[in-house]
Amino acid sequence: MEVFDVNFFLTSFIVLQGQCSGGTFTEYNNLYNTALTGYNKDGRPLQDQNHVMIVVLDFSLLTIADLDDASSKLVTVGLFTILWRDEVITWNQSLYENTKELHIDESLVWKPSMALINTMSINVGLLGFKQSKIEYSSDGVAFWHIADRYQTTCDFDTTYFPFDKQTCELKIVAWDYTIQGLFIYPLKPTVDLTYFSENGAWELVSTETRSEYLAYYSVVVFSLNLKRRPLYFVIYRLIPVFTMLFLNTLVFILPSDSGERVGYAINCLLALAVFLTLVSEGLPGDSEPMPVIGYVLTVYLIISAIICVLTIFILRLHHKEENKEIPPSFRKMYNILTCATCKKRSRTVEAYLSTTDSENVEENDKHKKSSVLPLTWKKLSSRLDFICFISSLSSVITVGVVYFVIVMS
Amino acid sequence: MEVFDVNFFLTSFIVLQGQCSGGTFTEYNNLYNTALTGYNKDGRPLQDQNHVMIVVLDFSLLTIADLDDASSKLVTVGLFTILWRDEVITWNQSLYENTKELHIDESLVWKPSMALINTMSINVGLLGFKQSKIEYSSDGVAFWHIADRYQTTCDFDTTYFPFDKQTCELKIVAWDYTIQGLFIYPLKPTVDLTYFSENGAWELVSTETRSEYLAYYSVVVFSLNLKRRPLYFVIYRLIPVFTMLFLNTLVFILPSDSGERVGYAINCLLALAVFLTLVSEGLPGDSEPMPVIGYVLTVYLIISAIICVLTIFILRLHHKEENKEIPPSFRKMYNILTCATCKKRSRTVEAYLSTTDSENVEENDKHKKSSVLPLTWKKLSSRLDFICFISSLSSVITVGVVYFVIVMS
Amino acid sequence: MEVFDVNFFLTSFIVLQGQCSGGTFTEYNNLYNTALTGYNKDGRPLQDQNHVMIVVLDFSLLTIADLDDASSKLVTVGLFTILWRDEVITWNQSLYENTKELHIDESLVWKPSMALINTMSINVGLLGFKQSKIEYSSDGVAFWHIADRYQTTCDFDTTYFPFDKQTCELKIVAWDYTIQGLFIYPLKPTVDLTYFSENGAWELVSTETRSEYLAYYSVVVFSLNLKRRPLYFVIYRLIPVFTMLFLNTLVFILPSDSGERVGYAINCLLALAVFLTLVSEGLPGDSEPMPVIGYVLTVYLIISAIICVLTIFILRLHHKEENKEIPPSFRKMYNILTCATCKKRSRTVEAYLSTTDSENVEENDKHKKSSVLPLTWKKLSSRLDFICFISSLSSVITVGVVYFVIVMS
Amino acid sequence: MEVFDVNFFLTSFIVLQGQCSGGTFTEYNNLYNTALTGYNKDGRPLQDQNHVMIVVLDFSLLTIADLDDASSKLVTVGLFTILWRDEVITWNQSLYENTKELHIDESLVWKPSMALINTMSINVGLLGFKQSKIEYSSDGVAFWHIADRYQTTCDFDTTYFPFDKQTCELKIVAWDYTIQGLFIYPLKPTVDLTYFSENGAWELVSTETRSEYLAYYSVVVFSLNLKRRPLYFVIYRLIPVFTMLFLNTLVFILPSDSGERVGYAINCLLALAVFLTLVSEGLPGDSEPMPVIGYVLTVYLIISAIICVLTIFILRLHHKEENKEIPPSFRKMYNILTCATCKKRSRTVEAYLSTTDSENVEENDKHKKSSVLPLTWKKLSSRLDFICFISSLSSVITVGVVYFVIVMS
Amino acid sequence: MEVFDVNFFLTSFIVLQGQCSGGTFTEYNNLYNTALTGYNKDGRPLQDQNHVMIVVLDFSLLTIADLDDASSKLVTVGLFTILWRDEVITWNQSLYENTKELHIDESLVWKPSMALINTMSINVGLLGFKQSKIEYSSDGVAFWHIADRYQTTCDFDTTYFPFDKQTCELKIVAWDYTIQGLFIYPLKPTVDLTYFSENGAWELVSTETRSEYLAYYSVVVFSLNLKRRPLYFVIYRLIPVFTMLFLNTLVFILPSDSGERVGYAINCLLALAVFLTLVSEGLPGDSEPMPVIGYVLTVYLIISAIICVLTIFILRLHHKEENKEIPPSFRKMYNILTCATCKKRSRTVEAYLSTTDSENVEENDKHKKSSVLPLTWKKLSSRLDFICFISSLSSVITVGVVYFVIVMS
């Protein structure tokens, strides 16, 4: 039955748009006054009050004006077309000089009370201009057009920020009558995008409409599937962060004698903390769901702190006096780090060559007992620098890759 | 009597939702006009004006849209169902073709004036759409539904921030009549959560409703017990602060010769001050109650300042010329710090070994009188470094543990 | 006469609250219609138009929602009780089945037009709900209750910030009639605090009410004496600033050879500048009155700059080559600084002891001509360091103490 | 026909402004009452309802109050003059004592419902004061003046920011009637700028008006072509950025022995990151279109990071021990860098001269095998410094020039 | 004629304020009903419609609530007194028991439609409370009082910020009637300041009122001449900036060997950039007019950058190896810098004295060829330091003085 109704409405609608109202002003006034005499705008205009009043909605989206994840707000501009059949305001066209339509002020007639249930405004106002006119055809089909700027809430799931997809809804609830008295449903399965102009920050992927219930009331939902355009975040946040992280790992390349290693490491860490703060301020203050990027930046902060700790540790080794004995544990570690087995031969050669250097000759004089392995604190720290550089750089890259794999899938 | 009333209302309510209004449009209009003839919307619709008008409220919470501790604001979206018995608008169904319900515009009939007394809006508006309809059953029971976005104040107690629990209330006061004339009370002992969808920043623990008085007026309170989800704060604020603090204590591990100790200490202190400022800006500007986290961060700032002072002091010792005599007081302190009694033997051995080092031999030549204890300024500062590192790290951890014990209990 | 009136009102008021309106709904309607027939809401309801209409106001403060010095705003929630005698709406109770009270919609009767003259809202609205009812007793005394959230300006005097006291006022002006026609005055000498709940940032010290004139109109002023709770500012602003200042003075303790003195001094200065900016942003942008704390922070900034200058100057002396002659003026200064007269003897001894040091022996070899006073550039700079440390620390403390003495008194 | 209409309106308009309404107050009231008797404000005042009602709009721009690219908002203050012919309100002047005009409250007569479809306000209100009067001449031409502050959206294209041109539009849609019933078009081809006062941030280049359709409705568009004044951005953002970049390239001039190179490089990088953040916050959060300046700053950030990497690399070479062999690859690179062929001779001379220096004599003693080319690590790093300085400075300038060429064209 | 009118109004006004309305309530109602019978509020209440309706305005300023140059907003609270003569509402006092005044609700009578044309509010509302009463004397003079908070735009000229003077205007336009029908002009030549309370940020220098035209409408302008109190800006912005600049020039005093020169210079530059940003954010984003202070700060930034460049250059000279020949060009420059002619003799003596120093003796041994002028790189850099210090300090002071001369005049 409902499908039939929609087609009926559509037919009336299309027919009506193409015609003009005939007759004189006087005849129009006669019809107008006759139609409203004895009309009760507090009763559903159905001859049989046991029937359900059926109202059909169409939504034409013009623009997505704003979509803010920090305040969970969607602002849209659009046009509602609302159709129903008023069984009281009907007339015989031939009796009124072929007058085909009546425009009656909305305050004088029955109209469905509908409200945006998920509005952001403090007062949930009923839809409508308060001053607009409703158009009636001679068979009682009422056409009501509402254009407005709708500020609705949207439950964001920022887990995969900034590569996230969101589904935002405009929920229209029919008020004043339960579903036994008033039933609303969408005219088309999708939102009308004929006059839609693109938004710069979000891409509209698809739309759909559906019918629902809230308590005893009928609800129509217009839902928009949106995809964030990530370029802004990538350019202004991710590139600086990754640049900073890459520079941070370079602290191990910086010569230990430069006297600037720790200052460099702490500066990189501070810069990362600043970017972490910037990103966190641009996100909603919700703890559930937590964006993956938040965890990633925290992990990066901790990696940066570990780099700082390692820098201090290596610097301490580097500044040890050369005549102090290197403990066997360090020697062992050194051997392991230089991959004792696989590089044995090459190292022997190396050791041979290095002893011929003037430097090592001197050292040999001093440290007789360490002659087998002419390991010095400086050498140890230099080796550690290399190991740390490789491992910190690879951990930064690994975390980044894992993040992109997660959010992209 | 009141309990009876509630049941009576509930019965009417449930029955009404399942039926539809019979009769024709004309008969509906007759009934409508008869009911409103001679009706006075400024008088309580009670046949005996000595009676108290009893109004029952139910609140169905849809979402907690916002809960902001800085501005002490709670924003909720919900649905009020308001029920009372109008003894004037009653009719015999059989006389009106079985018409079971009337929908009358709220501006034409008596209705309880109720206001949210703890609203954030500048104008305390009366509840209501200004345009909605009230539904009457034939025995005069009136059903009034109000859906809105309510912006109310909530008195936050941020002492245990961010592990705090809050109780926020929506206080509805019945206006225009004192409790002798109008009495409101909640329909159910809790808020209806059938259509509730979770909030990302706060967890709704439980709800309750109760009746109260304000001056001469009847009040109904819907209270929500909420618990903050702390993950956001932990990730974006606490982890960076603790990372920074841990790095700060590492200043004593940094070699004194690196020439970066003081710069490192002051940078860590500045970073802490920045985070203190960030946290303070996210909290309400109230001095009472003061969040414990505020005191903790201040204590951490002072610890960080003490670390800075100690660093400067140790650096001064370190830079003393070696041929300057170490005062006996410092020697004593050194002995105490190295735990004279318990480590005596090990130290003797140590001293023995060290004198065999080439370094100490040289020193022995210079400082004859200090031969018993070959204490140098460098040794002293190195020992102090170790002591300071241990004590600062343990004080940071202690304060953190004490904080968590306080806020968690 | 006026004192009599108040008592008369109070008596009627108290009596009325304890009774209920008798009679039937029909009888109530009869009375209602009789009372409003021929009523003119544009005329003062006085039988003799030469009389002054006297209106009495009571204000019950519920909460101080916000008090913001940056925008000079006070937000309060409260309940106005407004009383007057309508000489036209009176009736004989016995004729109307003992009906004791009438509730009439405010749009149908005369009521005093009153406005909050110091409101923050852009439109100075008249007080009132626009929909509430006014209660009349049989002798014509009208009771009107208004609860609202009032956003008023408050002229802050932040001279002694954050230890300041403010007096904020709600000024109600009677509109439409000059004082010859309408006179309003407060019911009680203080604001009613029965339902008041404390504010976390401000303490309500006392309240008072008074009558005033504005041009030709009668005004009632409800004034609130408030005292700021300074803990927030002390914890989050003053403690960091003083910590920073104390650390700043320590620059002179930092060894000159550390190579970090100037960096340390400039970092402390920058931190102070940041806090100065933070404090300045939290204050109103007014130049009159200027908070004392603003001057104090500026003085601290200048002290910090002087410390920086001195650090550079001392460093310059310290870096002078030792074989350069110290000019007599410096020698003289040195003598003065070491307090030539009072410390003469001790210094002679000191000089004696020092010449026995190996260090000075070497120096004596080099500088024959300076043998009388073995003053070196390093010694001079070291002495200056000590003097500067003492004087900068004492000036910081002095300024702080002077500030507290000023603001506390 | 339409052109004729406009002239007709203009004539009436001009004539009317110069005259005054004759007659007495009584006669005016007679005419007023006669005109409104039987008037139906819900019917188009056309004797033949088959005709289209034509409404003409003129827009006089007073000021551009605000134009904010971050929120895509245009705020204008202007004056609409709306003209149409009401065929019902007409009279014979001679019958009414020469009364030439009627002023009727807008709520009593038919008027075109028009709305700003691209408004920023949450409620798309119909145009109009709600209380103003419409002026009618005796031939039925209605003059309606509306002055307001219009807050409209403007789709910014910030690609060439801050040297961009924008076209912002005020779109007026005729409501309630489809184009068969109501047609609006602009009075003049441009916006009236007689009373326009210039805006400090944007230059109004030109204006135009046009007619359009939206769904079934008639639309008039007033479009403003604006050009941003870039001085603010140049002074406060570009000059600091370029200053910072220039200083950044100077890191290669800074002596390697100064021990401040890396600190200097990282500080310049951080300053750039701060300015990048400042610029990004002043732009809309859109990813499409992305301003070219965003890419430029990102490229600059990467150049700055590369400078940092090169600094570390050169510093590493500089700190290499001189007795370590320089690998042939470095030698080759050095030769290439010093442009082996073209500078051969000059270098030979240089080499000759340098060997006579005492420094090189010493070096010659140490490194026999490198006697042919007395290349040292220090020399290599010094040469690299020069190359890097030249190339970084030229790349900074190149990117800047390319940017200006793109945005200026 | 107009001057006469004003006096006439003033007389009526003063007389009326001192009297009270006689008669009984019943008689008052009779008069009220008589006056309004047949009244048409859409017609100008002039017996001869050819006359111009003259309306007189007086404005009493209470406070300047806000004056914000960033958003070009002026917020004032004030009281309008509006006077005109209604030739229809007149009566013979003796016929109505000496009733001297009528108070009629503004919605029932003709009143001039006036609007603030330069309002900041989105909807240009007509002036008025919507509910207030207009007072009529028996000769028809109408008194209308409007108190409100007015949010108007003010076209700021911040060229001489913060020592600027502004002229802000409240422009009231008479609506609905052209100047042939309605003419408004100010009652007094200045704004009434009887109840004015001073603003903390701006000083009210003088006020004036004048009559104007806008299109065909009459306009009254109340203009306020204001002078900014600059103390806030001086204390919180200029003093820190000049402190920072002074410290910046001290970089040349800092010993070259300290190893902190470049770090110091870049830190000062960054601090300046931060203050430049702070100042720019407090100013409107307009490019025309550009505040002089913006240019000054940019010049200071460039000076600071030049200081940084010079520091690097001098440091490079200082780090040159001493055995490298100083090119003749540098020698020449040195001679010029030391002012060859005027200081010749003193320098010769100096040179003589210095050669006797042990230092120079050593140098003489090394550099035979430079014996004539024992110029070293260190000497050259030291001399350059001094020159640069003097010139940078003087350029900073010069720019500052020029700025103050410009803005003060």
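Note that the chains take the letters A, B, C, D and E in the order they are written out, and that residue 1 is the start of every chain.
The working rule: a residue touches a chain if its C-beta (ideal position, glycine included) is under 8 Å from a C-beta of that chain, and two chains touch if they have at least 3 such contacts.
Here the structure is a predicted model, which is why all the values come from computation and not from measurement.
Q: Note down the smallest number of touching-chain steps it takes to go from chain B to chain C.
A: 1
Q: Approximately how many whole Å separate the CA-defined centres of chain C and chain D?
A: Roughly 41 Å separates the two chain centres.
Q: For chain D and chain E, let me know how many angstrom lie between their CA-based centres, rounded off.
A: Going by mean C-alpha positions, chain D sits 25 Å from chain E.
Q: Pull out every residue in chain B that's touching 2 or more other chains.
A: 121, 125, 259-260, 263, 267
Q: How is the touch graph of the chains shaped: line, ring, star, complete or other?
A: Chain contacts: single closed ring, each chain with exactly two partners.
Q: When the cyclic arrangement of chains is written out from chain A toward chain B, what order is obtained?
A: Sequence of chains in the ring starting at chain A, next chain B: A, B, C, E, D.
Q: Residue numbers of chain C touching chain B in their complex, please.
A: 17-25, 27-29, 32-33, 60, 62-63, 65-66, 77, 79, 99, 102-105, 121, 125, 129, 131-133, 135, 145, 147-149, 151, 194-195, 197-201, 229-233, 235-236, 239-240, 243-244, 246-247, 250, 253-255, 257-260, 263-264, 267-268, 271, 275, 278, 357-359
Q: Any idea which chain E residues touch chain D in the complex?
A: So the residues of chain E touching chain D come out as 38, 40-50, 52, 71-72, 87-88, 113, 115, 117-126, 153, 155, 173, 175-178, 180-181, 214-216, 259-263, 266-267, 269-270, 273, 276-277, 280, 284-290, 294-295, 298, 301-302, 305, 308-309, 312-313, 315-316, 319, 321, 323.
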